[in-house]
Amino acid sequence: MASFIQLLVSGLATGAIYALIAVGFTLLWQTSQTINFAQGEFVMLPAFFVLAAMNAGAPFWLAVLIGISLSVLILGILFKVVVVDPMLKYGVLPLVISTIALSLLLKESTKDFYSSQAQPFPALVPAIDVHVFDAVVSTQSLAVLAVAIVTVVSLNLLLNRTRLGRQMQATAQNATLARILGVPVRRMVLYTFLLNAVLVAIASILVSPIYLAKFTNGETLGMAAFIAAIVGGFNQVRGAILGGIILGVLDNLSAAYISSQYRGAFPLIVLIIVILLRPQGLLGRIEERSV
Amino acid sequence: MTAVLEVSNIRKTFGGIVAVDDVSLKVPAGEILGIIGPNGSGKSTLFNCVLGQLQPSAGEVRIDGKLTTGMRPCDLNRLGVSRTFQLLQVFPQLSVRDNLILAGQEHQGSMASRLFGRADAGLSDAAGEMIEFFGLSHLVHERAGSLSYGQQKLLDAAMAFMAGPRLVLLDEPAGGVNLTMLGQLRERLHAYHAERNATFVVIEHQMEFVMALCTRVVALAEGRVIAEGAPQDIRRNPAVIEAYLGH
Amino acid sequence: MTRFGGILVAIAAVTAVAAPFFLKPFGIFLISTWAVLTIAAIGLNLTLGYAGQISLAQGAFVGIGAYTVALLTPAGVPFFVAFMAAGLLCFAIGWILGYPALRVQHHYLAFVTLAFTTLVFLVLRNEEWLTNGIYGITGTPRPNLLGWKTSGARDFYFLCLGTLTMLSLATWWMLRSPWGRAFLALRENPIRALSLGLDTRRYTLMAFAIGSSLGGLAGALYAPLVQFIEPNSFSFGLSFNLLLMVIVGGSGNFFGPFVGVLIAVLLPEWLRITQGYYLIAYAAAVMVILVFCPTGVLGLIERTRRLVRHKVTGTPPLTSGAGP
Amino acid sequence: MLRSVLFAPVIVTSLGLTSPVHAQSTVYIPAILELSGAGAVSGTNFRDGMLLAIDEINAKGGILGKKIDTPLLDTQSDAGTSRAQVQKVLDNKPYVIIGPVFSGSVLVDMLLTQQAEIPEIVGGEAAAITQKGNPYIFRTSFGQQFSIPKIANYMRDRIKAKTVAVLWVNNDFGKGGRDTFIKEMNSRDIRVVADISTESGQTDFSADVVKLKGATADAIFVYLNEEESARFLREAKKQGINKPLIGETTLLGQKVIDLAGEAANGVRGHVGLTIDAPIPAVQEFAARFKMRFNYACDHNGIKGYTAVYFIKHVTEKIRKFDSGAFAEAAHGMTITPKDEPGILMEATWDKNGDIDRISFLGEVVDGKQKIVKTLPKLGK
């Protein structure tokens, strides 16, 4: 029983990380039909911005700020202008390929220009082990969980309570109509890209102390984020949280109780089942398919 | 004799909303039935239920007395039921000729014969005739996407007729077509009807078009049949007028 | 095909036949890889470019095909039989994988097929009794066909090239038959197609099954080509690569795969002059290519041709053709 | 098709570009390594160690007066690619080939190098490599059939374990080690009570640690790559595993210690190659390495470094650049730091190309690897 709770708790913590990454992923999809196969690398990279800044002599807090602003600049604006915009009108596929190429580019650049070695990363919150029931969880994981929840709640508030948010949603649901209604669609789309850039930067700074910074980290995280996003609901921000947590817990339970060799399989099977039985995801809205 | 199309007590609900409410129709062979009604009166939903694109929540559809409720559109089409769509539905990347061959190819032979048989499935001539019939001969090798809107409407109709159907359901054929093209379209429909003694069911807003084309008109409102009869009577029917003005 | 195109194909064919006589073994290995992967890419182009069903599972089918041959031939099964078996097995699995496509489309389908690819990888890695697991299978022999020993690099290349030629001719035939028309209809407007009597379900499954079987046949050649196969070679990296090849070449364009694979196989090798940075250069190159021709290299040529025609006859240029 | 016509010449040129015009004054010793993908850490370490040696040697005038010309070819950690690269260098008649590190790649490459009769000096540790009677293959570190038994003895003699658990990474390195380990345990009738596979690149080890806690093992054998080892150690500390954690080389490596922090304390095991070996030559090398590449080198760095000096020494023995003679002479050769300082530690290559060196038993004590015992060469 104790072990079960432990698995649950750690699964929750891991799931929160996935969720944090998945949120931005779904945002991009909603507003610009961008399936960003480089999302994992987007999370890997900002940590290295921070490390580079620190090597240049910046104190941690400053390095973090630099890291966030750099990722807004590069993973937000540059990504949209250079990679997404030119290809958007040609359908999803060329963009998919382009982001796949981008992920290779980011991985290789990090490896060649920083290091192929995993790097230790300073923690925002001290790593103290807390005992909940008879399970142990690190304060770092709790921090991630908290941040993830706060992020999603505030995002939901932003999207549903503010004018800006409603405009973004309008853009997400029907850009053409939104444009007619006078929503500055282009700017709204840009905002989501900036938002995503900030989210991945936060995720990066939160997870790197736990997972260490390494150029290959994106592979695992990216895939997990996709699955979380779809299981939770591709078009629902809070779906990502559910998806991420389901994924994290499921991964732990299946690894512990069913088969560690096939641990990777169970989330995928769930993914397939969800897609086939409830394509819009557990919390998702049904997207009208044009007849 | 049994009707070509018999719809009995069709009902279709989306969640709580009742789109089609207990509608029954009989369409005898050779008739051109018009279905009118304000937007949202359930015309297209009714069509889609008849054509198997939607599953009716209740009720039956019979073609030539054969129960077809729940049949897939492709099987219905092979039974001789074809349609046009409200919004343009041609294949822009294919040539006009290929659009028509496509409309006919599945009505003959087997999968195997379609793979190993002739590239045009032996339909070139038939397609040619149909193209000529609709006066598109000069465009035969153009990509359908490059045709004018009206021309595409004609092509759309031509595709519906390609397989020589017994029953054709036309969903707002006049929609967005300019007057000259409209005249040509109506005249072609009449001609085809006369030649093959086919049966049409036409959804249309454009009253003149309906009056000129149809032998009988059914008026729908809020998913129910509110009037039925000869075009000119329907025109004067207070319920119909109310339904239209009411909106 | 236009006369111009005919000439180009002829030149290309001559080049393909002549090349191995001017190349060292490494060069021959490269163009053999090109031939093998082109077969797989043609399959994906059929599923994706023509029938409009996005699949990220083609790499898995190459793997299934490769393992089929690597396991059957040592057991004394003649290569040709194993080759056919690979094709049939992938046809069957592809048919089954097609069912999700009847329910979901676009990115949903992409992720289902991606999941499938990873599951196949896990099975190949974990079912050691069958696949020798992570250690992989070494030394799949190159076949003797009717006394023709293909163990030599050049002979084996011609085996690959021959197979490629035959399979692309078969595909060409299918695409110009009513099936080809039906596949296009499926891509452009499944609902209208359905109302014209097309059994879209059957055609969708066919598109998947045939595309997959081509992947399997490619794999059947991959095993004796590399003479070592391991699960990692067929994880989603390969599927992504094949997708990349099809898109970069020009999806929905018959010759797209030939060009796309050529680029994807040669460009990285070519860029190795940049030493450690060749993968960065390659990734950048791919992105640039896509910016300038999102509908693929051949798509670009198509578009320019249309634009020229457009100037003359007033037909609007088309942007679609990059699948769904 | 247009492009294919344009690109066709490229096939030829690409070869032109990749076949360096090596003048008489150089000897062509290409290196095929995992410079990208999953194996990049090992590959780059190996590369940097190698480069260090090459520059030292070339600075002193090279081998038999010829400078070493070593192009680096990336396998992308993929067997198919590495095969292609081997094919490429074989077309240019190399003297000896260095690498790769991944055993899977080695197993496919050695077929070609054997055909071409070119010696190949590899970093792979899978037992199978030297069990195929290939006279052209040479190791730079213990094969698992030598290193794992040392762990097994350690388990039996020092830990006095009756039951053990094994945690391994599910790639060819981890699987190979795990299989050998289980065999060795059975032969020493020690029961393996938990056999847990993990994914390479795995981030969350809580489930695995939970399982280990559940297992009633006297000791736990951990056979993972660097950062996975570190992540595991942190999780193990968090959940308070109190069983001895035994590792092979990697687990006690400085890299893991840096990454895992104090969670690494108390870890023990066998160390085949380590920059912390109580041998001045090794530590000087480590210092030079750190100075040049400013990161701490791991055992792969030592492999790369010694591989080059191995080639140098054998060549100077046979006094000519003759691949066949190299293979002949290298078998059964023992090189001592006295004859060749660059070899760092006395090493012997047996008839299969397996290497024999002294090795160490170590332990991590407050953030430093401490060598507690030096194991003699097997040959003695």
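All chains are identified by letter, namely A, B, C and D, in their written order; residue positions are counted from 1 within each chain.
Following the convention adopted for this analysis, contacts are C-beta pairs under 8 Å (C-beta built on N, C-alpha and C of every residue); 3 or more make two chains touch, one makes a residue touch a chain.
These numbers come from a predicted model, not from an experiment.
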If you apply the touch rule, which chains end up adjacent to both subunit C and subunit D? A
Greatest Cα-centre separation from subunit B belongs to chain D
Using CA atoms only, can you tell me which chain is the most central one in this structure? C
Between the Cα centroids of subunit B and subunit D the separation in whole angstrom comes to 73
Roughly how many whole angstrom separate the Cα centroids of subunit A and subunit B? 48
CA centroid of subunit B to CA centroid of subunit C, Å: 41
Subunit A and subunit C: spacing of chain centres that average the CA atoms, whole Å: 32
Multi-chain contact residues (two or more partners), subunit C: 125, 191, 276, 279, 320
Tell me, which residues of subunit D touch at least two other chains? 36, 170
What parts of subunit A, by residue number, touch at least two of the other chains? 108, 261, 264, 291
Interface with subunit D, subunit C side, in the complex: residues 5, 8-9, 11-12, 15, 19, 22-27, 29-31, 33, 125, 133-136, 138-139, 226-230, 232-233, 255, 258-259, 262-263, 266, 269-270, 272-273, 275-276, 278-279, 297-298, 301
In their shared complex, subunit C is touched by residues of subunit D numbered 1-5, 7-8, 10-15, 17-19, 35-36, 72-74, 76-80, 83-84, 87-88, 90-91, 104, 107-108, 111, 126, 128, 170-172, 175-176
Which positions of subunit A touch subunit D when the two form their complex? 3, 6-7, 10-11, 14, 107-108, 111, 115-118, 120, 129, 136, 138, 210-212, 214-217, 219-221, 248, 251-253, 255-256, 260-261, 263-264
Which bits of subunit A are touching subunit C when the two form their complex? 29, 35, 37, 83, 86-87, 89-94, 96-98, 100-102, 104-105, 108-109, 112, 226-227, 230, 234, 261-262, 264-265, 268-269, 271-272, 275-276, 279, 289, 291
In the complex formed with subunit A, which residues of subunit D make contact? 36, 38, 40-41, 43-44, 170, 196-199, 201-204, 206-208, 210-211, 213-214, 226-227, 230-231, 234, 238-240, 255, 258-259, 261, 295
